[in-house]
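Common to both upcoming complexes is subunit A, partnered first by subunit B, then by subunit C.
And then the complex of A and B:
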C-alpha cells in the first residue's frame, strides 16, 4: 500500500477544494473511458472498459439453462461474480484478493440480483416450475488504478447490452407436460428484455478535510492516491430514470446527513448523464458492426490492441 | 454420432488451414499499468494476458535462495473463457500443474543468479480458450519478461503439434485437441535449438514422434520470428517516443 506524505495529502485535498485535481479534472469529472463490446466469442455477451490509463475491467456474460428455484418457480436469475486478477496488483496474489472479491461480488449482486436490476426476470423463465435461464455475469479486474466499482458497472451494463439469449421453442406434449428446444440460429437470438433499465454505479468520495472542517467536498472517479485521501465513499446505483437502485457506504469515515442527501442528488445527475452517453456509444458501436456485417466485411475487434 | 472430419480429402483442416500452418498470431507488450512488464497474445481464438512483477524482495522468507532469484508463477482461467461456464478455484490441480510446468520452463532461461535473494512473479490469465493454452501462456510470459527488462539467455517459444490420420499437424485448436488426437507441446530456445519443455498427454506411435516433434519445432521457429518482430516494433515505438 502506498503511503502519502502530509504535503501530498494537502496538495490533493486543496486541489479538490478548488475544483481542479492533479490530472486537470474538475471534482465531478470522469477520466477518459475506452469501451468495447463483443470481444470474447465464447461468451453470450462481453465488454471491456479501460478507465484513464489504468483501471481495466473485462466482463463476460454467459447464459445457461438450469432448474428453477422451488420458491421462485416462474423467474430466472442473475448471478454475479467479481474476480481480481493478480496482474492488477500484487496484493491479489494467491488468496490475497478473496476479501475484495467477495465485497465487490456482493455489491454487484445486491444491485443486479433483484427487481431493481431492470431486466425482466419472468422472460428468463422457459417452462414455469421447471427450467429457466441463469445469467452469469463474471467480471475480471485486470488492471487497477482506482474506482473499480464504477468501471465494473459500466462494463456490466455494456456486456448485458451485448448479450443475446438463444430462442427457445416450447412444445406441448399433452398432460401438462412441456418440452423445449433451443434454436441454434444466431440470428434468432434475442436481447435481454429491460436491459436499458440496468443501473450504473456512481462512487462519490468524501475527501479528508482536516484543514478546513468543511465537508462539502465530494468527487468521483478517484485515482489511487486520491482514494488514500478519502475519508468515506458512497456507491450509488442509478438507473436511466434517475431512480436510486442501491446505496452502499464504504471506507472507514462517516458522512453527515446533509452531505449524504447532496451526494445522492449529485449521483443521480451524474449517473443519468453517464447512462445517456453510454447508451449512445453502445448503439453507435452496434450500428457500425451491423453495417460491416451487411457489407460482408470482416469485423475486427481491437481488444487489448486498442490504443491507451 | 458421426465422426468429425478433421482433415478433408484435399488435406485442409476444420478451420481451413493446411497441416503445417499456424493460426494467426497477434501480440502486444506493455498493456497494463501496474505490472513491471506485461504482454497480451492472441493465437487464433486463444487469448492470454501475462503480467510480470520483479525482481523484488521475497515475500515469504522461508523461500529465499541465497544464490539466485526464485520464480513464482500463477495461472488463472477466466470463468467465461470456455464454452461452458466453469469457475476454477485457485487450488485447481490442473492450473497448479500448468503453473509449475511454466516455472520449470523459465528457470533455466532467466538469469536468476543476477538477483540473489529476490523474487520474480509471472501471472498468467487466460481470457479465451481455444486450444493450446500452455503454449500461448509460455509465449505471453516470454514477452512480458522481455517487457519487464529481465535478463534472459534467449526467447522461449512454444508450439503444439499433433497427429491426425497419420498426418502431422501444427498448432491444434480446441476441436482438434478434444477429438482424442495426440498433442505434443514443445518449448525451445530458438538460438540453440535446446528443448525446454515437452509434454504429451495421449499416445502416439513412436515412428511418428520424430516428425511431429520436428513440425512443432518448426512452429516454434515461426513463432520466434513473430514475437521478435513485435518486441522490436514496440521497442522502436518506445525509442521514438523518448526522442520526441
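And then the complex of A and C:
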C-alpha cells in the first residue's frame, strides 16, 4: 500500500475544496485521453485507451460460438474479464492485483452482462435453443495512474464499436433440424446491434475536508495520490440517453443520501457528454480508415509503436 | 465539460549514423543505443556497466542509454535508471518504515535509504545526544508516508544510502506537492533549495523527486524551540488560491520539461514558468502547449 503524508493529504483535499487540484484541473475535469481502435488483428474488435499519459488500458473483444444456456435459450451473452499487468504498478506484483482484478471484473460484468448493456442479446442467438455467440470482453491494464475504471469503460465501448461479428447462414434441414454456416468474408461481418447504447462508467470520488468538517465534494479522473485521499467512491454507468445502468460503491467510507443523488445527477451529465464526444471521435476514426481503404491506401495502425 | 480525445502519434524517424562499428565517443557526438544494439566489435575495449559480451568479442548494450568511455572501458548510462547516490547529494524521500533507531526512506533507489535517529536534528539544542526518550517517540519526528529533504551522508556495506537531516534547510516537507521525474534529468548545482521569483519554494532532489511548495515562514536559522517544532510539523499553513495556482503551475512546468526529456534546474524552470503565463494552468497539460513553453524556455537559455 503506497503511503501519503498528512500534509500531502491535506493539501490535496484543500485543493479539491477550492476547485483547483494539484495539477491545475478543476474538480470535474478529465485528463486528455488517447484512443485507438482495431489494433489487435486476431480479435474481432479492440481498443487501447491511455489517460493523461499514465493509465493504459487495452481491451480486446472476441466472439465465439457456443451452446445456449438452457434457461436462456434465445439469447447470447457477454463475458467480461479484467486483468492488471504486474508491470503496471509495484502493488500489482505477485498476487497483489487479485482483489483489484476481481473488483473490476465484477463491476464490468454487472453493467455489461445484463439487458442494461444495450447490446441486442437476441441477435446474438444463432439457432434458438441451440447455438449462440458469446462476446468475450478482455481488458488488460498495462499501466496504472489512477481512474482505471473509467478508462476500462471507455476502451470497452470503443472496442465494441470496433467489433464485427461474422454473418451466419441458417439452413433448414427439415424435421425442425437446423444447421448453419459461418461466412468467412470479412466484408460481410456486421456490427453488434445496439452498440451505441453501451454505457460508460463515471467514477466520482468523495473527498473529506478537514477544514470545514463535512463538505460534499466530488471529483473524477483522480490521480493515484488523489485516490489515496478518497473516502468513498461511486461508479455510475450511464448510457447515451442519460439512463443509469449500474452503480457500485467502492472504498471504505459512506455516502449521504443527498450527496448520492447529487453524484448521480453529475454522473448523468458528465457521462452523456463523454459518450457524445467519444462517439464523434470513433466515427471520425472509422471514416478516416474507410476513406483510406477506398483510395487503396494502406491502413496502418500504430498500436504499441505510438509515442504519445 | 470538454474532453480531449487524441489520436496516437507516430514516432519520428531517427536517423542513425552509418558507421556503427567505428567507435568515436571522443568526437563529442552523443551515441545513443538501444538494448541489444552492438556498441563495438573491437577487441581492445572492455565491457562496463550496461553492456554484455557476445561471442567473446562484440560489446552489446543491455539498456537504452548513452555510451560512455573511460580509456578502454565502455559503459552505457541508462536514460531511465534508479537513483544511485553520491555523497553530498540532496535528495527528497518518503519514509516507508520506522525501524529501531532508524527510518527507511524511499529515494527511488535500488533499495530504501536509511536515516539514522542519530543523523537528525533533535529538538532542544543542536548538538544533543539522542536518548531513550527520543527513541520511543520516533514517529513524532517522522512517520510512515512523510516527505523529507535530506543529504546523502554515507554508504552502508550493502550499498544502502545513509542520509542525514542535520542543518536548518533540511526538514519534513509540507505546504505543497511532489513531482517525480527521471533522476538523470536533475542536474547537480550549487544549491538545490530555491525560492523562485513567483514565490514558490522548490527542492530539487537529485533522485528525481522534486518538492514544490509554499515557503515556510519564520527564520529558518533560529534554534528556537518553536522553530524546531515547526521542522517536524504535519500541518500545512494557510495556502491562498493564488499561491496554490502558482504551485500547480510550477508543477506542470516541471512535468512539461520532463515530458520533453530536458534537463531540469532552477533557471529553466523559471523560464518555462514565464513562458507558461500566457496559458491557464490546466492547459499546460496539453501537448502543443508543452511543446510551445519548453521550446521558448530552451531558446531563452541558449541566448544567454
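List of remarks:
Here is the rule we use: the second predicted complex is superposed on the first by the 306 of 308 C-alpha atoms of A that agree within 3 Å, B and C clash if a C-alpha of one lies under 4 Å from a C-alpha of the other, contacts with A are read in each partner's own complex, and residues count from 1 in each chain.
FYI, contacts are C-beta pairs under 8 Å (C-beta built on N, C-alpha and C of every residue); 3 or more make two chains touch, one makes a residue touch a chain.
Quick caveat: nothing in here was measured; it's all calculated off a predicted structure.
Because the two structures share subunit A, they can be overlaid on it, and in that overlay subunit B clashes with subunit C. Contacts of A:180 after superposition: neither subunit B nor subunit C is touched.
Ranked by how many residues of subunit A each touches, subunit B and subunit C are led by C. Touch criterion met: A:34 reaches subunit C, while subunit B stays clear of it.
Within the superposed three-chain model, A:53 lies in touch with subunit B and with subunit C [touch as defined at top]. Within the superposed three-chain model, A:136 lies in touch with subunit B and out of touch with subunit C [touch as defined at top].
Only one segment of subunit B in 26-34, 116-124, 152-160 or 170-178 runs into subunit C in the superposed model, and that segment is 152-160. Of the residues of subunit A, those at positions 53, 305, 308 touch subunit B in one of the two structures and subunit C in the other.
The touching residues of subunit C, when paired with subunit A in their complex, are 1-12, 94-96, 143-147, 172-178, 234-236, 239, 241, 244-245, 247-249, 251-252, 255, 259, 280-282, 284-287.
Interface residues of subunit A facing subunit B in the complex, by the touch rule stated above, are 40-43, 46, 53-54, 56, 58, 60-62, 64, 81, 83, 85-90, 93-95, 136, 138, 140, 142-145, 303-305, 308. Chain contact summary for the complex, subunit B toward subunit A: residues 26, 28, 31-35, 38, 40, 42, 45, 47, 49-51, 53, 74, 76, 78-85, 87, 90, 121, 123, 125, 127-130. On the side of subunit A, the complex with subunit C involves touching residues 3-8, 10-12, 14-15, 18, 20-26, 28-36, 52-53, 225, 269-270, 273-274, 277-278, 281, 285, 302, 305-308.
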